[in-house]
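Just so it is clear, A, B, C, D, E and F label the chains in written order, and each chain counts residues from 1 on its own.
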């Protein structure tokens, strides 16, 4: 049976929900206060899970210190204290919903993590709203 | 791959565990202090998860503000600050264990949520005791 | 300088807010859904703080295992899985608000703890509502 | 002895730390990534504490439902899903540090709460950084 | 559909990560500060999940009080306030990583729990590092 | 009025409670399982609070990034993943109770922080046991 190992990191960012092909009124109607043109922000909590078999010599599925370093270098460095819409290349044409942020993070990390490990992302936008990709 | 989105809400309620076809002694033997005839209570934390694919226009699997409103209207309004045994129609002949409360909530919400979304309930009775329906 | 040491315990109880000298309508007007005659309930989190000087031989201000045992014997045993209004002697003529519960607990524990220690109670009724007695 | 009662609310906002009388380089040197001109953001947790004596008839120091409504009307409505620098009148010439936000909130609420109650603000900018005004 | 029920317990223990067939230098290189020969320690949070169908008479999948007692007798009694490497028989030739501790706990509890229930272990070593066995 | 600002950090360490002038039996009688000669351990959560007036130019009482760096350099570096009894110079003749650890940390940090700021330490040994020095 396989084991899942998880590392939690966090970043603080500004964003707005916005579909550029819609009018401001349509954005306001669909996204409400989340579409504020001056942005709002969140403390995002990011959980990255790898699933695999423990190494016989180390007893690790994956060294979580190494995973933490990878998350910090590839995700936190470009998302923390940033405006997701303006300061990152990912959300020029993609709405930075928690769903889309999770998929972007998964796509970045999937290139860094050996394919013998399954990869899952859980992202808290607030304590009461969170998403998981892929769904269990 | 599909994405899971979750909204957390809460309600405070009284209940007792009780099988009406048993004697008080039998209820006391099986349910212990949870069968106190004068009731006890909990701060229930309720997590409702929907699984589906994000909408191309909004980037949402499901608008969590809409989900929050649905939970409040269909669940919180009739469970919060209530006696689950006496004040709701669900537990006249059904013991209000966390398991049964979760199934009742699932059955109520399943009628409100489009069937293209999978629906899961996680219910904390205390910080140390919780249930999930359906099991992952 | 003195040191404060704190132990956290919890109990689950039913209660209703109610002034017996008022009509049900007046209770409903003032206490709203908290006055439900069939009760509701909470997971109460109780923090008991003692302030004093550490003992030279043990390095303890107070052995928190002993404090935990005292809280369990004097408070938890009579409050946990109980109806505060009906099952305890304290709230026959006293409304079981968080404020009054905290004062009742302080009065009980004050008799058990040597007077050279200051005693403070912090009581969470929900994660968002709590009281402290005496106020800092 | 007096009792302290506390209500917790939250708001999500964007901000940047910035002293308008300084160059961008000076702002960058002092505030680091917190001075990002495109803003970042936080889930702010706000705890409002009132200290007073419980009312003999209600057992309340202050009805926390009323306090919650006041906080929502006077604070949350103008801070939640807003850019603190651009969307509120308070931080045109005042840097929106957690310290200054707490003082602004205290000044707003002080006008709403009867002066027989002491008023304290605790504001979490992140789970690891928070401020209290006035200090205990 | 089946229901999952979970009980959370905790234990505080010392450990070091160490492969006895390696030199101290190799252990230091691979495990870093976790290989400190004088040990370090953690507050482990242990979640035990059983999956099954609720009993028609009780409404329980499994009585969580009974599960709590089983965890305390079979796990907590021999792990709490212990040195996992020196005081338990499990980690003489097995590195006490969170992964291996979770598998050891699963193997112990699997003998205690009727096989009609699926068994899952989630173990937090810190708030930011945790493992699940078997993986979902 | 002054403002309090707080930074939270953490360290994982092993320790045992032990009075070297007592027999093992006496240590066992007083400290119970906390006196295990092979040590046990904790995830310590450390909150460091400074009280002062905000600077007019920055709006900071104290830059919490600077405070974080000071705590990491002076405390975390010598306490994290260490055996408090064996690996640090502080607890050769001093029992590493939470009370004494808090006083040791206060004494170290007091030399690093300008005396115009009041300094307070809050140390969680477990989620249910914590100490504060000096007491509020």
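A few notes on this one:
Just so we're on the same page, a residue touches a chain if its C-beta (ideal position, glycine included) is under 8 Å from a C-beta of that chain, and two chains touch if they have at least 3 such contacts.
Computed from a prediction, not measured in an experiment: that's the story for all the values here.
Under the touch definition stated at the top, chain C and chain D share these contacting partners: F. Common neighbours of chain D and chain E (chains touching each): A, F. Of all chains, C has its CA centroid at the greatest distance from the CA centroid of chain A.
Legend: contact pairs of C-D compared by residue number with E-F, B-C or A-E; the interface matching in over half of them is A-E. Farthest chain from chain D, judged by C-alpha centroids: E.
One copy, chain B, sits rotated relative to the other, chain C; on C-alpha atoms the angle is 180 degrees to the nearest 5.
Distance from the chain B centre to the chain F centre is 41 Å, each centre being the mean of its Cα atoms.
Between the CA-based centres of chain D and chain F the separation comes to 28 Å, rounded to the whole angstrom. Listed for chain A are residues 127, 136, each touching two or more other chains. Applying the touch criterion to all chain pairs gives A-B, A-D, A-E, B-C, B-E, C-D, C-F, D-F, E-F.
Those residues of chain B that touch chain E in the shared complex are 17, 19, 30-32, 94-100, 102-103, 127-136. If you check the complex, the residues on chain A that touch chain D are 10, 12-15, 33-34, 36, 38-43, 80-83, 86-87, 126-127. For chain B in complex with chain A, the touching residues are 1-9, 51, 54, 57-61, 64-65, 118, 136.
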